[in-house]
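Next, two complexes with chain A in common: one pairs it with chain B, the other with chain C.
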Partner chain A sequence: MNRSMLLRRLLQAIPTLFGVSVVVFVLVRVVPGNPIAMMLPPGATAADMERLRVAYGLDGSIVEQYVIWLGQALTGAFGTSISLRQDVLELVLGRLPATLELALFATVLAVTIGVLATMLGSLYRGRWPETLIDTINGFTLAVPDFIWALALILLFGVVLPILPISGRINPRLGTEFLTGFYLLEALLTGRFTVLGDLLRHIIMPSIALALPLAAIITRVLKNSLAEAMVQDYVMIARVKGFSRWRIIWQEALRNAAIPALTLTGVQFTFLVGGTVLVEKIFSYPGIGNMAIDAVTNRDLPLIQGLILCFAVIFITVNLLVDLSYALLNPRLRS
Partner chain B sequence: MTTALLNWRILVGGGIVALLALIALFAPLLAPVDPLEQDLFLELLPPWWQADADPTRALGADSLGRDVLSRLIHAARPALIVAVVAGTLTMLLGTALGLMAGYMGGVVDTLISRMVDIWTSFPAVLLAIMLVALIGTGLHSVIIAIVLIDWTRFCRVVRAETLAQAEMEYIDAAVTGGLRRGAILFREVLPNILPLVIVLLTLEMSIAIIVEAVLSFVGLSVSSDSPTWGGMIAEGRQVIHQAWWVMAFPMGLILIAVLALNLLGDGLKTALDPVLRR
Partner chain C sequence: MNISRRTMLHGTGLGAAAMLLAPGGALAAAHGGGDVTIAYHVNLPSWDPTVGLSAVNPTIQTFYQTVFDQPITQNPDLSFSPGLLTGWGWNDDRTEIWMDVREGVKWHDGSDFTAEDVAWSLRRAGNAETGNPMQFLWSKVTDYTVSGNRVTGKVAAYEPTFFKWLSFLTGYFLPKAYFEKVGADGFEKAAIGTGPYMVEQFERNAFVRLKRNPNYWGPKPAFETVVFKFVTDASARVAEVESGQSDVTLEIPYQEYDRLKGKQGLAGVTTPVSDIGMIFLNDIEVMTDPNVRKAAAHAINKKAIVDRLLRGYGVPIDTLQAPEYAAFDASIQVAYDPEAAKALLARSGYSTDNPVRFRIQTTRGFKPKDYEMVQAIVGMWRKVGIEAEIEVYEIAKHYELRATDTLAPAAFYNWGNSIGDPSTSTGFAMFGPSPHSVWDGQDLIEMIGPLWGEADEAKRIAGYRAVDRHIAENAYVIPLLQYVQPIVHSDKVSVATHVSGALLPQTIKPA
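Coming up: the complex of A and B.
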């Protein structure tokens, strides 16, 4: 990967982000309801309203208004949340680590499940474990994360109550965290009681998010692994007398992984989208849960901030996927 | 697989879907009691097989003492309406744009394909919640949101298939025969991609049911007093430790509906594809 390609790809992200900012800006203009009227106390005069309009730059043309808004947004001033009465940027940044941790944990889980299922399927090709894995996979592909989350709550929260069904941490355990990344911080500082509690909270939402992705990974990886298994280098490894397990793990899987890896990156954005609902179901304090509350409360400044936050995540992820694809594919590297 | 057009997938999947449709259609006749009737004496009543159940409330009652069975039956209505209406409209929009992009090519294709790319780069659930927040709640908003978001699913597949069909010899024959472009598109290309579109429609209907459930779960579908599966799940989630059945039954029904539609789609795929049928 050369530097100009990297730069070009980075520059391509700017128009996309610009487009999102326009959409976010327009969003607030088309929603019924006068934001100025909502700010004023009852009994305010028309002159008060006009003063406030000028103060917020709402007396200019729509383009002028956009420029003012963009200027504020670029400095991180997204306004104050109407329902929570706090700075939007602070609110979003405070919740973001929880969502990122959940999404990344779920992705790791999905890749692990996907790779294991693929390897088992390939190891027992044509025998009952392969059929079983295929059947389970077909079922998993059809069922959305929403249903998985509810089923997990019923199973491990109620029928067999071994896991907590809401929140991120037992409130009695953890308050003294320096960063928002509780899981990582507990691991690095060696607080294993806290870590255990965090894991017990994160496991169900992340499985709900991971299963649909794991099913997709399994399907793609299985196909590309089947292709790799008939290549010459696999034949050579067989002739050398390597075990089937070793051939799959050390030879074929590496070459089969590229399509699955790209796919995982693309699907990661959908997983982040899925956190919105799963966080709501598990009362997990991330930005997804916050987004639903913001929508229910019609908290426009907060909705704006959250959409921009999600957009930045998606654009970044897509960028990273493209870059990693270029790094992994020797043909694109030169 | 036999040559029979009716394989077991179509029979089982289609049978369950038809049953759900009948339940939705005849909901007022089938529901044992008024789904909105509250009876605080029956609060969180367990289903029939448990000790202190009430025989008139077969599947128990929710936290307001409303009959779970009657609510389940009535909630099949919004789910099925959204599945059919949103599914069909999404199919029409997506297929039309896909045909246009695939057959006209050039600027039209670039424009539509670019739009599909942008659309699909944003997660659907998030988009749906934002859209409904914008256009307001209600069944029609749910339908509009699904159509506006999911047309890409049809568009992408139909475009690719149209491109493939345009290469075929029968199209050359039609061109040589002097058929106009519009006629070729509707009389030659469309019938050949129709099986694919029908399979996609069953999948779209299952997605529509999920989206409706999701939106009513977060309180953005029909108003909260008329029953929806998603709304029932949300209520059940609150009382899950006291009364798991309030959440479990609607969840099970959504699962059954989604799996049945997927099964039907799989069955149709094999039945309608001459290569797979053999």
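Coming up: the complex of A and C.
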């Protein structure tokens, strides 16, 4: 992908984000549930209700509200959260690193499990290990992430209480961070006790997220690897006397990886969406957890900010996936 | 030293495993060692207890009461005693209020708590621009003046419950000098109060760690550090306390409560709280027929619902007053009488063969067994000649429909009243002009209207009891039960219950 293509892709993101903002703005206002009605205390009158509607900028038409919101958003002001009373952008950016760390950790885990399972299945094609892997794969695929989350809590939190059930870090550590990327920061600053604690907290939610994704990766990668294994260049490698492991690892896997990479990119965005439930179950303080509270409280500015954030992640990941094609396949670089 | 890739990978793997499995404080809820961990069921959205959505959320008052203190302390049985105010009252003709401010109290930053802080806080609460959701109440007293440790204010409109609210929602005192110095944003980031615990670390949606206030004017809390983990998923809360990672948790399913309290190392306490389940009746469609309403009320076996669905954790009620509320009257009863229900329906031409039909709305999972309760009620109704269609909605939709008076003819809801005053339950729920009420009957407007400003307290309470009796006789609403709050805790600590539902860490002690 050359520079002009990259620029074109970035420009294409603008109408996409605009469209998302319009759809979200209208949707969150037409679904049932009025944030002002929710915050009415006992004794409030209809006049108090109207006063609050004006105070929170909900008294105009949807079009008027959107124009005001868009004007402010273009200057970087996404409004103030109704329930948290803080700047939406500050809130979202404050939480995003936690979700990104979780999603990336889960993706790395899923890719590792997926590649290993595929390699093992391919090495033992037609024998019992492949059958076992396929069976486990089918089971893993059938169980959604939140069920894995509950099962993991029961197993490693209660029956074998070796991992913490909730949160991102032990509240007693009293550690302060400069950035929201705790794992990375702890690693770079050499705080290994803190790093260990962070890993203990992230391992269960990331496994819950990773297992279904790993199953999908395994399925796609295994199929494309099977196709690659009958290609001419693999036959040549066989003729040369390369071992089966070397043929898979060095010759076939790189070509077979492209469909799996596309899938991983797309699934990453779904995985970020999937953090909503998993973060809630593990009380993990990311944007998914915040999204549930925002929807429950009908916190309209925050819901808009969060969905736009999800949209930006989606666009960015797709762009990165396109860029990575070029790295894997030289023919696409031109 | 020559490190091969294999050695490096091997070492990294071992290191990672060691880090993951190293015995860390993460798994130990260190009770008895000076700290206590509570797996709490809601997040704390904001640290300003006087503005925004969280200010009127009863479940969050636990944090505010712990950090900010109450101007007037609400005791576990909902009675009142001196807090930051040592005395309070009205003058004889109810044109002024006075409040005596406790001396020797310090803010968490070490500065003195003063009468000026009290006056400033109440002026701020009454100012519409600050966004206090109960500004309508606080603005009923104006022109505060300070003389020594006494604050006085002019009564613009007499409000009998003014002082009761100083023990609950939005009625907290904030530090004038500190707030003006750091601003609203700064206060949100580093809140200080006068309460028994100070905020040490707050990670939004994750936890808050509180430290004992060394200068606290009241009894010293037993634990040096309190950690509230925000664990909003009930299954995770159960796991937290079962695994020993938290010492205390609350609001878990009753079947889990029964299971956990019998486990070694755990114990449980329950208390009826100031929260009731009820069915709003909207005066539309068939609900304008008194026979239908009365039949619907008589056909419900509340005791069976409590015993079978809530495992006995509930108190059947017949008015909107729970037994701990000021205007509770045990003599007002609506009997479970399916035969009477059939007879009433027959008078309007309905029977099991020709049932009266209407919709009933309910949440599902918002309160314990809410949907199942409505299912059971619909089953009981069916036996007498009422065919109700269940519509499930989100709680947010309920608020919107109620505020616009567009609820279905029947709608299940829960109603809290932590100050225990009848104006907050019967008053606001049944007074037609209130946005909280969907019953618009003129008879109730005329009965409740004069009670808002009634200066004679005994007369006011008697008036509400008469309203409750009138409501029960005419079945304008169907009260169902008072909820019971389950708390599970380690047997190494003892936990005091509070009828308001607050779980106050200062009342938790080593067993």
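Everything below uses one rule, namely that the second predicted complex is superposed on the first by the 288 of 334 C-alpha atoms of A that agree within 3 Å, B and C clash if a C-alpha of one lies under 4 Å from a C-alpha of the other, contacts with A are read in each partner's own complex, and residues count from 1 in each chain.
Definition applied: a residue touches a chain if its C-beta (ideal position, glycine included) is under 8 Å from a C-beta of that chain, and two chains touch if they have at least 3 such contacts.
Since the structure is predicted, the reported quantities are computational estimates derived from the model, not experimental observations.
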Name the contact category of A:Ile153: first (chain B only), second (chain C only), both, or neither.
-> both
Which partner does A:Ala142 reach: the first (chain B), the second (chain C), both, or neither?
-> first
In the superposed arrangement, does A:Phe310 touch chain B (first), chain C (second), both or neither?
-> first
Give one of first, second, both or neither to describe whether A:Gly274 is in contact with chain B, with chain C, with both, or with none.
-> first
Does chain B (first) or chain C (second) touch A:Asn318, or do both, or does neither?
-> first
Just chain B (first), just chain C (second), both, or neither: which does A:Arg298 touch?
-> both
For A:Ile165, decide between first (touching chain B), second (touching chain C), both and neither.
-> both
Of the partners chain B and chain C, which touch A:Pro212 in the superposed model: first, second, both, neither?
-> neither
Looking at chain A, does chain B or chain C touch a larger number of its residues?
-> C
Which chain A residues are contacted by chain C in one complex and by chain B in the other?
-> 150, 153-154, 157-158, 165, 280-281, 292, 296, 298
Which bits of chain A are touching chain C when the two form their complex?
-> 32-46, 48-49, 51-52, 55, 82-86, 94-95, 150, 153-154, 157-158, 161-174, 192-193, 195-197, 199-201, 203, 280-285, 289-290, 292-293, 296-299
Inside the complex, what are the residues of chain A that reach chain B?
-> 19, 27, 30-31, 139, 142-144, 146-147, 150-151, 153-154, 157-159, 165, 269-270, 272-274, 276-277, 280-281, 291-292, 295-296, 298, 303, 307, 310-311, 314, 318
For chain C, which residues count as touching chain A in their complex?
-> 16, 18-22, 24-27, 30, 35, 37, 39, 43, 45-46, 48, 51-54, 56, 128, 131, 133-137, 169-170, 184-185, 188, 200-201, 203-207, 209, 225, 227, 229-233, 235-236, 239-240, 242-245, 393-397, 399-404, 417, 423-424, 427-428, 433-436
Quick one: in the complex, what on chain B touches chain A?
-> 118, 121-126, 129-130, 132-134, 206, 210, 213-214, 217-220, 233, 237, 240-241, 244, 247-248, 251, 254-255, 258-259, 262
